[in-house]
Every structure is written in C-alpha cells, then in structure tokens.
Amino acid sequence: MSNIVVTSEQPPVDAGQRPPAGLAAYARNYGARVRGGDMGALPALLGLVVLCVGFGIARPVFFSATNFANLFTQGAAVVAIAMGLVFVLLLGEIDLSAGFASGVCGAVLAVLLTEHHLPWYVAVLAALVTGVVIGTIIGLLVAKVGIPSFVVTLAGFLAFQGVLLLLVNNGTNISVTDPTIKAIDSDGQLPPAVSWVLLILTVVAFAAVRLTRRAGRIKRGLVAEPLSVIILRVGALAVIGGVAVYVLNLERSRNPAVVSLRGVPLVVLILAVIAVLWTFVLSRTAYGRHIYAVGGNREAARRAGINVDRIRISVFVIGSTMAAVGGIIAVSRANSVDPNTGGSNVLLYAVGAAVIGGTSLFGGKGRVIDAVLGGALMAVIENGMGLMGVSAGIKYAFTGAVLLLAAGVDALSRRRAAAAGLR
Amino acid sequence: MSNIVVTSEQPPVDAGQRPPAGLAAYARNYGARVRGGDMGALPALLGLVVLCVGFGIARPVFFSATNFANLFTQGAAVVAIAMGLVFVLLLGEIDLSAGFASGVCGAVLAVLLTEHHLPWYVAVLAALVTGVVIGTIIGLLVAKVGIPSFVVTLAGFLAFQGVLLLLVNNGTNISVTDPTIKAIDSDGQLPPAVSWVLLILTVVAFAAVRLTRRAGRIKRGLVAEPLSVIILRVGALAVIGGVAVYVLNLERSRNPAVVSLRGVPLVVLILAVIAVLWTFVLSRTAYGRHIYAVGGNREAARRAGINVDRIRISVFVIGSTMAAVGGIIAVSRANSVDPNTGGSNVLLYAVGAAVIGGTSLFGGKGRVIDAVLGGALMAVIENGMGLMGVSAGIKYAFTGAVLLLAAGVDALSRRRAAAAGLR
Amino acid sequence: MAATPLLEVRGINKSFGPVQVLRDVDFAIYPGEVTALVGDNGAGKSTLVKCIGGIHPIDSGEYYVEGQPVTVHSPRDAAQLGVEIVYQDLALCDNLDIVQNMFLGRERRNGLVLDEITMEQLATNTLASLSVRTVKSVRQLVASLSGGQRQTVAIAKAVLWNSRVVILDEPTAALGVAQTAQVLELVRRLADTGHAVVLISHNMNDVFAVSDRIAALYLGRMAAQVKATDVTHAQVVELITAGRSGDLGLAPTGAETVNGVQS
Amino acid sequence: MAATPLLEVRGINKSFGPVQVLRDVDFAIYPGEVTALVGDNGAGKSTLVKCIGGIHPIDSGEYYVEGQPVTVHSPRDAAQLGVEIVYQDLALCDNLDIVQNMFLGRERRNGLVLDEITMEQLATNTLASLSVRTVKSVRQLVASLSGGQRQTVAIAKAVLWNSRVVILDEPTAALGVAQTAQVLELVRRLADTGHAVVLISHNMNDVFAVSDRIAALYLGRMAAQVKATDVTHAQVVELITAGRSGDLGLAPTGAETVNGVQS
Amino acid sequence: ACGNSNKSSSGNGSSETKTPKIGVILPDSKTSARWETADRKFLQQAFDAAGVKADIQNAQGDKTAFQTIADQMITNGATVLMIVNLDSGTGKAVLDKAKSQGVATIDYDRLTLGGGAQYYVSFDNTKVGELQGQGLVKCLADKGAQKPVVAELNGSPTDNNATLFKNGYDSVLKPKYDSGEYVKGPDVAVPDWDNAQAATIFEQMLTQKPDIKGVLAANDGLGNAAITVLKKQKLNGQVPVTGQDATVQGLQNILAGDQCMTVYKAVKKEAQAAADLAISLAKGQKKAVDGKVTDPTTKKDVPSVLLTPVAITKDNVKDVVDDGYVSAADLCTGDFAAKCTAAGIK
C-alpha cells in the first residue's frame, strides 16, 4: 500500500520521544494534562461527589444500602435514553421525540402482554422493533428528505404523544403483571454469588484486554501504557466494583423474614452490558469512528467516502431503540403504562444527562460514559431532593440551583482548558 | 483611511457588471436565484398557503373574519417568545427557560396588579425588568462562568417552574382584571380609522426608505434596485396590509347589538412594532451585524475586536425580555396566571416557530420574520385543528403530521439549493 | 505519452445559482505524467477538481475513465474509480487525531475491531517520509496542528492509498522549504511509477520543475492544455492572466464577459 | 533604522497543555521596516503572532509598544494598540458577505444606522487595488469564494485600517502570480509610509525581495534576528532547518529536545 | 378571506335559532382517564340520543389550547358552550367571551369562580377528599395500626382540584395528627400527576421514613405507584393506600387487597345531567334545577346539579361494574377472575 512513500531513511516521528515507562512519570504527565485542562470525566465526577456529600450530610439515610439501590433503579430509564441520545448528539442532531418514543414502545410492550397475552420475549422484541421503526422513519426524514431533526422530532414529540394516548385507550393505565418484565427494574436482583463471579470475570477481562494491547504495541515498537498504570486501572475497577457489589449484597429488606432484598439490581447488569457494548462500538469499530467523523466535519467525512446518510439514519435508529429500552425499563419500574410514560421531564433530563456528562450539542464530542455519569448526577439530585421532602415549588427551584451548581463545578474547572488554548 | 491601498488604476470590481435596471431582467435574475435554491421565505410561505387552503376546504369557516382575528390573538404569545429566541439561536445557543421565564414575568405582573394594586404601567415595567434580570443572569452564567446554555437554561426551566409555583401560592391562580392589561391580547381593538391611518403611514415610510436608499446608491455609482421592483414591493405591502385591515375591520360579533367586535386586534400592532424594531436592529445596526458574526464564527468575531461576551449576554437579555413580553400577552389573553403559564408546549412551539421559519440551531442564520412566519404556521395548525374537532390522541398525532408536512414542503424545495452547491 | 488518457472530462459546465463557474471545460490526465493545472485566483481550478471528485454535481458534461464513460455522483464513486484528491480546503476532522484522519473511511481492521496498531505505525512512517519533524505525536488532534502540519497530513492521507489518479490542489501552499521539496519529489515519484498526477499550483518554478503537461484555466474556460516542454514560463503566465498567448489559448472574442452575470 | 522598536516582546513562553511551543522568544518590530519571520512548519510562527495579537494568552514574557510595557489580553487590546493581523487560518465569517467581513468590528455608521453605501464603495476600491478581478460582487458571501479570493479579502480587511503595525501570516500562500506581486508591493509601500510590517512566508524569494530584517524561529526558539542584507539565502535556509548557521543562531546544545515532551 | 365574512356574520344570527350546536371542552387526558374514556362517551351518547350536534374537544391540560378551542367553537357557531375549566382565570375569559357572543354556558365538573355560567354540574370535590380521608381512617383501624405514620401523595401542584381533594382529606386527617392519634409523615405533591415521578417520590419517602403505615394517594395512578414500591418490600396489603376514579387498575388493586379504597364518581349520571341542561339551553329553554352553589368571588348563586361521590372498597366493587362504568371483562382478567367471583362480580 504505502510502498510509494515509505522510502525515506528518516526515523519515525515518535522516535526519541517515547514517554517514560515509570508510573511516577506517567502521573506527572497526567498532572500536566489536567492542569492544562484536559480532564476528561474528572469534573463530572467531582460534581457528583460534592452532591453526594451534601445530601449525605443533610440526610444521613442517603448513604444507606437501600438508597444506593434506589439510585440505580430510579435513574435507569433516563440513563438508557441518554445513552441513545449520545449517538444522536454526536452528529449534532437532536431527538426531542425520545421521551414519548419510549412511552410508545413501553405501551406496545404492555398492550401485547396484557391484551394479546404474548410471552414477554415477544413483547420485548416488538417494543424494540417499534423503536427501530421509529428511528428509521425519523432518520429517513432527516437524512433523505432533509427536514431539520429538531422539526422532525418535534413533530414526533407531538405525534407519539397522540399515539401513546390511543394505545392506552385515551388515558387508562395498563397494568403489567408479567414477572419477567417486572424483574427488570422493579424486583429483580442478581444472586449475591453471581454478582461476585461477574465482577471477577469483568476485572479479569479488562486486565486481559489492556495487557494484550500493551504487548501488541510494544512488539511493534509503539508507545505503550506503563504496566503500573494498567495495574492501577484494574485495581481501581476491582475496588470500586467490589465496594458496590458488597453494599448491594447487604440486606435491604425492612422485613427479611418476609422478603429478602439482597443483590445487585438486574437493571444494573443490563445497563452495564449495554454501556460496554456501545462504548466498544464508538471507540473500537470503524462505524463508531465514522460517527465521530460525521459529527466533527460532515463534509470531510463525505469526502473520505463515508456514507453520511447511512450514518445519520443509523444514529436515529440507535437513539430510538435505546428509547425503547428506556421505555421497557420505565414500564417495568411502574408495573404499568399511562399517557405520561416518557412524558414530563424525561426528555429534558435525558438530554441534560448527556450534556452535563460532557457531550456537545454541536456534534463530534461525547462518550457513552458521559450519559451514565450525567444520568447519575440527575438521579442523585432527584433522589436527594426526594429525601428532603420539600414542597413542589421549592423542589423545582432547588433542583435547578443544584443542577447549576454541579454544572458550574464542571465549567469552572474547564476554564483552564480554554485559557491553555485547548477547547 | 484606505489611502494606502487605493492607488490602483483598475476599475472597481463591479464595473461592467452592473445588473440591468428593468423589472423583467430583475425578475429573470430572481427566477435564476430561486431555481438555484436561494429562496428566502418562499418555502415557509408556501407551507403556510398549503395549510390554509387545506383547512379552508375542510372547514370553510376557517376563512371567516372572526377566525382571521383569532389567528392573531392565538399565536401572539408564541410569536413574541420566538422573536426573542431568534436572537439566542443566532448565536448557536438555546434558551429552554424562555417558556417558564414568560410565566414568571407574567406572574410578577399579576401579583403586582392584584395583590399590590399598582398601576398597570408599573406592573408591566416590573415584568419586563424581571425579564432583563433573568436574561442577564443566564447570560453571565453562560458567557462568564462558561456553563453550556443548554444546562443553564435547563436549570432555569426547573427553577422558574418552582418560582412560578411559589409566586402563585402553590397552585392557585391569580385573576387579572386590569382593563389595560386585558386590552393587550384579549379585547383591545384599534378603531378602524386608526388602522387605516397607520397602514398608510407604514406604506409611505417603507416607500420613502427604499427610495432614499436607491437614490443614495445611484449617486455613489453602486448597483441599486430598479424602480419597478420598489413599486412592486410597496404595492404588495399596501395590498396585503389593506386586505388584512379591511377584513379585520369587518364586524366579527355574533351579537353586534351587545358588543361590537371590529378592528385590528391591539396585539397585532404591538407585535408589528416589535418585529420592525428587531428587524431594524438585526439588519441595520452594528450590533445586529455583530450578532451574525459571533453566530457565524465566534473566533473570527473575537479576532475582529468584537466584545463576544457582551454580545452573548445581550442576546439572552433580549430573549428573556421578549419572553416577558410573551408572558404579558399570555396573561392578558388568559386574564389570569397559574402555575402552567408558559409551560406545556409553549417553549417547544416557540423554538419550533423560529426553526421552521428558517433559523438555524447552529447559529449565524435567521431573521425576525422567520419567527413571525413560523409562529403563523404553528398558529394556523393549532387554529385549524381546533376547527376539526377530533379526539385528543388523534389531534396530537395529526398535529405532528401536519407540522412535518409543512416542514417537508420547505425541505424539499430547499433541496435544490444543496444540489446547486449552496447551503 | 500514453494515447488514451487515464481520466478525461469533456464539456463540463457548472453553475452556482446564477453564476456560471465552469464553461465547456475539457481536461485529460495521462498515466505516468504530472499534469499541472494553473489559472488565476477564482479561475475555477478547485471547482473543476471538486467536480472530478464528485463533491459538486456537474450541470452537464462527460466523464471518462480509461476511455469508458462513467458517472460520478459522490466522493465514494470517485474513490472507487481510483481517484484520490487533496482539496485546497483540506477538510480534516478537527475532533480526530492524525492517525484517525489519515485512515478515515478506509480503516484497517482485525475482524470487527479497528487495528489501531497497524494504522499508527503506517501513519508514522508516511509522515516521516514527508519530512515532518515537528509533529509531537501521531495521536495529536489535527485541531492543534500548524497550517503546514495540517497540509502534510492531508497529503499523507492521499498518497497512502496508491490510487491510480492523484490530484493535489495547491499542496505546497503552506509548506516549508524542505517539505515542499519532499512533496515535489513525491509527485515526480508517483508519476514515474505510472500514476496519473495533477498538481495545482501558483508557483511557476514548481510547475516547470515537475510537470509534463500544463493546462491553463481562464475565467472558467480551458485556455490551453499543452506539453510543458512546448511553452515558456512567460507564455504560461500570459495564459493565466489573459487567457491567451500568441496562437495558444482562447479566441479573442467575448473573453471579458464569459464569467459574469449575463444581462 | 529607528532605535526603539515600535513593538517588542521579550522572553515569551507559551505551552499548550504539556507541550511547550514557544521558549523565551524575543522579537522586535521597527517602524518603516518589513520584518520577515521565517521558520519551519510547526516552528511556532503562527503561535507567536497569535500571542502578539492577544488570541492566545502568554504564559510569561513582556510586551512593549514604543518602549512602554503594555498588557494584551484580547484581540481588542491589540487592535487598540494599532496592531492589525492577517492570520493564517483566516477566520472570516462564512455567513457574512465580503463588505460585512471587511468592516467587521469597525463598521461605518450614520448615527445608529450602518452606512452600507460608504462601506460597499470602500471595499470595492480596496479589492480592486489588490488585483482581484474574478469576484463577481462584493455582496457575495465569503463562503462562496475561492481560496485565493478569501485570502485577498482578509488582506484587504487588514490594510483598510492604516494601523501602525501590520502582521501578515503567509498572506500569499494561496495567491496567483499577479496578486502575489500586488501584495508584496503593498507590503513594501506600507513600510515606506512608516508602518511596521511583519511578513511570514516560506518563500525565500519573496522574503528577500521585500524585507529589511529577518527573524528565524527554530523549534520554538528565536534562532536569530538579523538585517536582510547581512545574510544569504542559503544561510537563512540553514537557520530554518538547523537552527544555526556558522556563528549565527542557537548554541549547539540540546537543540533536539527543546520542543519535545520532557521526560 | 373577505368574501365569506359578511355571510358568516349574517349567518351567525340565524344559526342561533336554527341549528343548535353544543361545544364541550374537556380539560386533559393525562391526569385522569375519565375525560376521554367516560365523559366523552356518555356526553356523546346523550347528545346523539337527543339528536343534537355536538363538538367535544380536549385541551390536553394546555390553557392556551383551551382558549383557542373555545374561540374556534364560537367561530364554528356553537350555541351552548360546556367547559371543564383548567383554571378559573382562563375559564372566566372563555365564559366572558361566550357571553358577549350570546353563547349560553355550563360549568361542567369544575366551578369557574366569577365566571357566571348558567349552570354548574359536578361532584363535590372536597367531598371526594373527605371520602378518601375517611377510607384511610377505616382501613388503618381495620389493621389495628397504632400511631401510624401517614404519607400523603397529593395531586399535581398546578391542579386546583388537587387542592380541593387535599382540603377534603386534610379536614379528616388533621384532627388525628393534632390529637397524636396519627403521625404526620411526608406530604408531597406529584407534578403533573406523573406516576413515574410518584414512584420515585414515594420510594424516597419510604427510604427516609421506613415506618410509613398508611398512604393517602390522591388518585388510583398515584396509589398504584406507591403499591409498586411497597411490593418490593412485600409491604403491599399491609400498608393501606387510597385512590380515586375507580379505574380498572385501582379496582384490581382493591380486589387483590393492595389498595384499601377508591372513590367512584358516577360520571354517567353527571354527563347525563349536564347534557340534559345543555340540550334545553340549546333549544332556548331554561330548565329549573334544585341545587345551587354560591360563587365565593361574586357571592352569587349558580343553579347547580350536584352528585355525590361513592367510596368503593372490596365490598362494593361490584356496584361500579353494575353501573356499567367498568366492564367485568376488562376487570376480571387472568388472576382476577377468581377474585371477581369472590366479590360477586359476573
């Protein structure tokens, strides 16, 4: 391939600049990067910690095992929708219909389960397919017809609201009693032993991936992560995961004789698998690379021969499918669907989660973990405010202020980045 | 100034390419521009006409004088908010708080009027000042602290919802009985004679401005509009304005003995004045020019010595102040405030109005008239759907579909622009 | 040299709205040759190249590859015909790093997974061969590169693929002395190994140093396409600025109005 | 010529994150002179100019105008000191037309209202004086301009203001033969009327044709600032590529690592 | 636009006497299922039976839309306007406009304060709240709860009816709190009556105050949200939960023993009464009614038809089915068939 040009006798660009192999030097380099403003997820994490400490002081029960489990189950639907929105936002598009699309998919699930008595896996599949269809239609209208995504999805926002109303027969609640569906985000737990096994497998797999990559790079003479850094990363994963699993495996039931509430909520496993999957897609496959390219510079991507229309359609499909996942989770949690499922502030919270996590509304910048972190932030605010038990007006005003505070921590710590010329 | 460089003996760039002075040639040139995709407001107008004809066929009463007047009063609040949002969108920012900001300002108005018994002008002023303050705070947080406007205004969206609740005492609503306030968008009409005088003054002023500009350009040897085109423009304004005033001056009351309903609704005059003002600011002042520059390329604007922060803050001030205007109109129309004032779909409709009109969410492209046209489109959909009398679910779904249709007309007619390489 | 051109366009017309930018342009590129495309600012060189590359749809005209008529609707079509172009407005993704940009649209993979290691190594070698010494790391975002570094990345990206036709739109405009020499050498080497190369440049020295054939555009029309050995420096400059030189170039009529808005 | 420089920076340091791009750079510009700033791709020329223009905040260093220390935090500060710069990455607003871009930030007004007529006329004349013949209308959006046309607009914008200091970062990179000649002539004329002019260019012929003084950057350090008459073409090329030439330039130690990530 | 206008203005005058046409504006479909599923159906049936043209629309909780619909109905030539206001302010604006156009008006279900409608037909909303409070008291007594902590899940803070419900049940519960018989637990309003938010809110209530022994939920949806959370701790059935609206879900929860009571409002009767009045108004007659309600702002009496809500517990679920409000087929699905039989529902 590059036989033409590789005729030079100069050394490769990196030669002589191989970074140091020691942990100390690596840490120093990382420190310089952070001081220079390249902080990744640090500010969002910082905001999260500040909030947790604040709520923990105001309401000590915030730090209980029960509340820890609540956090996951309460935030799950928004996180799922936000993960899908990251893909849409990466292209600089928007999906205002995601909230009600999740409602429609949830209603499809509920109707098939209760009115048509289909098995749960058929209903779940149908809900997901509904999401795919919705996404395809939106994508086609945006990419092929050329209507701005804001307008298409605003129309979708209205239309799906209507469809949802029609599906639930103009306002009745449809109860869902299927035990599998209810397990998803209502009462399903992993047995404690299984959680430990899964955690260990995850940590081992993570370590293996990192070490193999390192070995490959060293073999080809490329810069590689120092071993100590890998150990540190793996260790951090093991410790954080271990603590979380340990706490979630504590008995949370008020009445252990009647019912035992122990173990990692099922929805955590589901979201973790999805998050890993999408992270893999975005960072390790050509498709993911192309999403970033189209979002960063659509014309450059087109000139590079990327099928831009296909990418644009696909992100809406992913967005709506993840909305369907969010809808399924919401139905599971509420054990029912009503015309408000996916309504109210679900959409704004989901977009907000992605954006607070660091995803840009202008495209080209964002990661799946952003949605998870931002979603966690939103969930903590909601959860903490719930514990405070204040009146609705004060709660709204306070939630806004807390959100601003969390975002302000982020913004202020990123200002140095701008000062250093990196944006 | 340019003494250094103007030493060349070459003719000016335009020499020898002066476009023809005749109307026919001008029309041909315009035709070529339209075929080439540079269509301005044409597609939005086309969508509007398609919708009106459709509703008019389905419900002939759509074309009655009463309904024509309804259209204006129904759409006024959204148009006012949308006009302010155009400024925010021109910078590529967003203001999610505009809806509830309008509610808060409306509540301030109502509280001062009913609980503190202040005269209407003080209350209106206070509402506007509230808008200015809100805009300044948002602007400072965005421009100086550096939090993305989506997050700041999402926080505002929540917080103002709370403030509004607190202002109206957690759920009661406040009735407004002040006759001046009620006149704004409820029962105020211009006397028919006054409307005619104002229309004539407007047409004369418009003609004078165009002719003076033409004379100035011809004197300096620059390309100028042909006289025939100016006559055509002035004529069009006179005819359209004349028909509108004539229709609005017809008796609309079903019971003329009890109450006479004739004349141009007051809110039309208010909005027209505001629209002309903002159009002037955007297109004829240095400040307006700088808004476009910052929206088009923030770095280029900064390098040109524009105080970018000040511009960014100012658009949020304009946005929130126009939200206050919208709030005052909404209060006038509803004769009251309640915790939902400015809620529901007000925000999405306002942003949708601006975007459908042709304003870009990415900044740098948009006009005040876009908000008016887009707002008219939204008002026609809402008004027409009201005449159809369908059930809730179907109405939502249908509204979405109609919105899509109107936007689709626009998108399809703009596709040629893309094909011709102009975007 | 070769009788049939590797790529040829005939009678290309292209307008942007009311402005006609290309007018009945014929242009042929031969394998094993460097064809220089010259012309004044705004003559239409970049537009012609973008039409060949499928960036702009053409209004009318024919497109042949190895004598066979083809249609090109998008950059993907052009790439499939083996045409690789470095555009003047480089079009790199600022949010991606150098390696990611260089392999964009043609990533190396191991199964599903991107083969980052191979790509990084290839990118490093290619850049080194273009005399780039100041790039700190091939994992740097292109947003942080200097003007010349960006241009080098774009050139490296294009030559990585060994395409049959390589078109370079003002590739050396931002390059330093050494880098310019490297690129010109590369251009010659590409032609000598049988590729068809087009070089757009305003620098007459560079043009005469490497090109076999010179095509001059004047106000959207092809003034002349001649062997480089048949013309002098001064003649080419005359073709560029006036559209003709002696018996070469456009007929003297109407040259002043071809490109304006017709009344 | 003049003893005190019109503008001078001393000991400028500038890092982007962990990468140090400028290292203790001293640079002086004199009225009535053209100072050429040369250096390899990525040497830091544009970064230095951006620091002078207030685009990038400097990490440390001093800034003097007419011998007086000043602080420059933003492009507005620089403009107020009479420094006008054409940046390499031109930074025009694509959504504005040529006239609007040329007068951006310094619009002519009649009271509150923009004086479009005067601006249009001035823009037309200025462009004409720069040999631009292919621009159809000064009311065209700059998005639709060719590479060279954009560059001309940027240059015209800068010279319209008659500032004391004019800095041009590779102004002729995309220009045709005639336009390049016009710009070089303009540069000379500016200096001859007492302005201080800085010209960044990779073209040694141009550099020697117009400049009085030559400053060479090498890997972020100022290798030498000398009279143009005191050095030869070859010496300057050596300064650019190796950082020293004979007794001119940097001390031989450590030149290879100054710009890298320090371990 | 000008061509039609004189026709419409002259045509309107005659249409008042010629073709009676009734416009009905319902408030929303999300806070309660009744508007679209029950009221619309029963009203339409009544109008159809009388052979009167009617236009029934829903404002979807948006008061701008509410006013627009009213404008459009008047434009369309309605002679009687029947509204369920979203708030008294817009309600009054609509009624004023209608009156000025010679359109007769009826307040349906909610009284428009200061509006001066010809008739008012409703259930007593404060009474609904009282029934809920009494129901909870009874269920707590049945469970033999000592000093129970009672949590309140109120309706939307923006819904005036929610305030009326709360006034009702607080009038029952407050004395118990004051006497120390009950302990006041968390008391939070659920925005938009949103069930999903209600679940989170209640979950956090339970986390904060694990010993909650009774839940006053303002309607069946909120009640179900609380029950879902209680189920996780297997506390369902042990902690009584109230409701309102006699929805299928609510009744099923009652049959399952998870919900202690709901409030049934015989919508069919209300709709029939309102329709009768509207039809007579449309025909230009003024019908006499027995009741009256005093408008607190104007101190004037509004002729009224007031219906009484009924508390539903496991014992009288049957009545709701017998009334035709909920069909046995909808209610007695799957596991509930047996429970239906036990409750005497066929």
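Letters A, B, C, D and E name the chains as they come in the text, with residue numbers starting at 1 for each one.
By our rule, a contact is a pair of C-beta atoms (placed from the backbone, for glycine too) under 8 Å apart; a residue touches a chain by one contact, two chains touch by 3 or more.
These numbers come from a predicted model, not from an experiment.
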- Query: Where each step is a move between two chains that touch, what is the least number of such steps from chain D to chain E?
  - Reply: 2
- Min route length, chain touch network, chain C to chain E, equals 2
- Item | Farthest-lying chain, centroid of Cα atoms versus that of chain C | E
- Greatest Cα-centroid separation from chain D: which chain? E
- chain A and chain D, separation of their C-alpha mean positions in angstrom: 46
- Distance between chain centroids, defined by C-alpha means - chain A, chain C (Å): 43
- Calculate how many whole Å lie between the centre of chain B and the centre of chain E, each centre taken as the average of the chain's C-alpha atoms. 39
- Item | chain C residues counted as touching two or more neighbouring chains | 16, 132-133, 135-136, 144, 260-261
- Check each residue of chain E and list the ones that touch at least two other chains. 29, 36, 40, 157, 189
- Residue numbers of chain A (touch at least two other chains): 17, 165, 170, 391-393, 396, 422
- Message: Quick check on the complex: what are the chain C residues that touch chain D?
- Response: 16, 19, 39-43, 46-47, 88-89, 132-136, 144-149, 152, 170, 173-180, 202-204, 219, 237, 240-241, 259-261
- Listed in rising order, chain A residues that touch chain B in their complex are 92, 94, 96, 141, 145-148, 150-152, 154-166, 170, 345, 348, 351-352, 355-356, 361-362, 391-401, 403-404, 407-408, 410-412, 414-415, 418
- In the complex with chain A, residue positions of chain E that touch it: 29-30, 32-37, 40, 157, 186-189, 191-197, 199-201, 203-205, 207-208, 210, 220-221, 224-225, 228, 231-235, 247-249, 252, 333-335
- Query: Of all residues in chain A, which touch chain C in the complex?
  - Reply: 1-8, 10-14, 17, 216-217, 220-223, 284-286, 289-290, 292-293, 295-297, 299-307, 364-365, 422
- Contacts from chain E onto chain B in the complex sit at residues 1-6, 8-9, 12-13, 16, 26, 29, 36, 40, 55-58, 60-65, 67-69, 71-77, 86-90, 92-93, 96, 100-103, 113-114, 156-160, 162-163, 189
